[in-house]
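This report refers to the structure that appears directly beneath it.
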Amino acid sequence: MNSDSICILTTGGTIDKVYFDAKSEYQVGRPVIEAILEEGGARFPFRIEPILRKDSLDMSDEDRALIRQSVAEQEESKILITHGTDTMVETAQALQGVADKTVVLVGSLTPAHFKNSDAPFNIAFALGALQCLPHGVYIAMNGMVFDPGSVRKNREKGCFELA
Amino acid sequence: MNSDSICILTTGGTIDKVYFDAKSEYQVGRPVIEAILEEGGARFPFRIEPILRKDSLDMSDEDRALIRQSVAEQEESKILITHGTDTMVETAQALQGVADKTVVLVGSLTPAHFKNSDAPFNIAFALGALQCLPHGVYIAMNGMVFDPGSVRKNREKGCFELA
Amino acid sequence: MNSDSICILTTGGTIDKVYFDAKSEYQVGRPVIEAILEEGGARFPFRIEPILRKDSLDMSDEDRALIRQSVAEQEESKILITHGTDTMVETAQALQGVADKTVVLVGSLTPAHFKNSDAPFNIAFALGALQCLPHGVYIAMNGMVFDPGSVRKNREKGCFELA
Amino acid sequence: MNSDSICILTTGGTIDKVYFDAKSEYQVGRPVIEAILEEGGARFPFRIEPILRKDSLDMSDEDRALIRQSVAEQEESKILITHGTDTMVETAQALQGVADKTVVLVGSLTPAHFKNSDAPFNIAFALGALQCLPHGVYIAMNGMVFDPGSVRKNREKGCFELA
């Protein structure tokens, strides 16, 4: 029933962070999201579209306009956006009103490449919500689904909560 | 918005399997589901209720009646059931018509204690769906949400698919 | 300097245990030891020779004679034996006196396929010892190297200790 | 027999690298080495002494003099040094001739906090070698033990090899 094709837009943030310096031998393998989906045996059609690679504190109004435009242009109606947590709420609010789309924003507090990262749980949880939610814009964090108009990141506790 | 309290009923199946023999030193730690929720930073209220510990091929009509009764008796309206995959569809069908509940059944092909198990993804995905679905009974497997009346397990491919 | 070719004999035991029942979909992938060596970037020549698949409590004198014969016949002088922990000491004692070989026995308390198993550490530690020890028979467990004549398994503590 | 107390000197390098920026919520937990030893059930006495926190390309002659002095001052005769791989050979050569010590240098190509890092294998392998080697200075990488006078890092292949 709910197994529509999904478009995954990546914009940067902690979830995507990889240790890197000019001298490093470390090479990033295939995208972490693909590995997470494969481990979970996911069998729905999906496409990953990298559109930005920014710390969310560095995101400008132009960046958010770009994200909104990109969401509107995708042919899929279900869109997952991976995003830094610090300004995820602002971006979600900037996306409100996009027509005929279900959009879920998700991120993580620990990079996905780390052991015991919250990223695999968050991605899988967000995908479950995305498959089931009506059109609209949502934030999926901490095993909960939030309306962008009534959520904030609590930096001290390191979690999202009702605002 | 969607962060209702969740009741998790465990019934056995591969997801719960732990190597054990009489001579084994291996001791199971705390329930795997709690560890998965903690790693994901989940902050919604939940309760875990173990009701059976059976291979799903060994489940009888009485077992299914017991599960249905247990679902009906829980005070939470959102219920996750971990279940063996072989007869998950039968159990889901036996639960249809339960009043005022959203019920999602989930399992895994590899035990949750194993490295690279599909269990963490499946649990998180099912919880995301559970937080968003209307009342009814559903199967969440392979990153998809199925209606119990139109799904089967494909044993050769090791996945669930539309029937 | 010390990077001789290594022969790895597997005999069963917890380290090798994999959940299995007749109905199970779970398929064991390639041998765990190869995955451990690859993750560690190991670049010495090695060969894996499965000779038994027994719980060590079920090992008979004939089994130990077979292991001893197998050790003697390998062309490599450095031999790692993976073995159940319950009678590892007995087998090590039965191997003493084998000519011109360095033999290290190793096992684990948790199956290698499990998350957070002690197997990867134990295998790597035993290989480090094996590359450096003079001819003789040794047990490598708990980050220590033991003489088979002065070690016992402490079942209560779940570790090996001086006897 | 070989279970002497071990002193672990940490000097920085990739093995120790943790993603960090001023805005990050990521907090490093307890030292990775302790977690590795606990997972492996290690039961020998050890002490961890952080002495530097440098990329090994930034290490100066003064740094190496400091490391040599620190090695000489420890009361343990067995010393493990975690070190960046790029100049591990230079540091090992600078340590040669230290009296009455077995010193093993080890590092990793991927940070220990990453999933599938080579660090746990390398640490465990190096400890196994350290427990068994006579006095002297050694490099343990890629499942092999090298003499500092006849080894080089092959940056293209991402491994250590005989020079």
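By letter and in written order, the chains are A, B, C and D; residue numbering begins at 1 in each of them.
Please note the rule applied: contacts are C-beta pairs under 8 Å (C-beta built on N, C-alpha and C of every residue); 3 or more make two chains touch, one makes a residue touch a chain.
All values reported here derive from a predicted model rather than from experimental measurement.
Novice: Give the fewest steps needed to get from chain B to chain D, where each step moves from one chain to a chain it touches.
Specialist: Between chain B and chain D, the shortest chain-hopping route counts 2.
Novice: Comparing centres built from CA atoms, which chain ends up most distant from chain A?
Specialist: C
Novice: Can you tell me which pair among C-D, B-C or A-D shares over half of its residue-numbered contact pairs with A-B?
Specialist: Match found for A-B within C-D, B-C or A-D: C-D.
Novice: Go ahead and note the Å separation of the Cα centroids belonging to chain C and chain D.
Specialist: Centres of chain C and chain D (C-alpha means) sit 25 Å apart.
Novice: Taking each chain's centre as its mean C-alpha position, how far apart are chain A and chain D in Å?
Specialist: 37
Novice: Specify, in ascending order, the residues of chain B that touch 2 or more different other chains.
Specialist: Counting only residues that touch two or more other chains, chain B contributes 109, 158.
Novice: For this structure, give each pair of chains that are touching.
Specialist: A-B, A-D, B-C, C-D
Novice: Which part of chain C faces chain B closely enough to touch in the complex?
Specialist: Counting only chain C, the residues touching chain B are 14, 17-19, 21, 23-26, 55, 57, 85-86, 109-111, 113-115, 117, 155, 158.
Novice: Going by the contact rule set out above, which residues of chain A touch chain B in the complex?
Specialist: Residues 1-3, 36-37, 39-44, 109, 116-118, 120-133, 140-147, 150, 158-159, 161.
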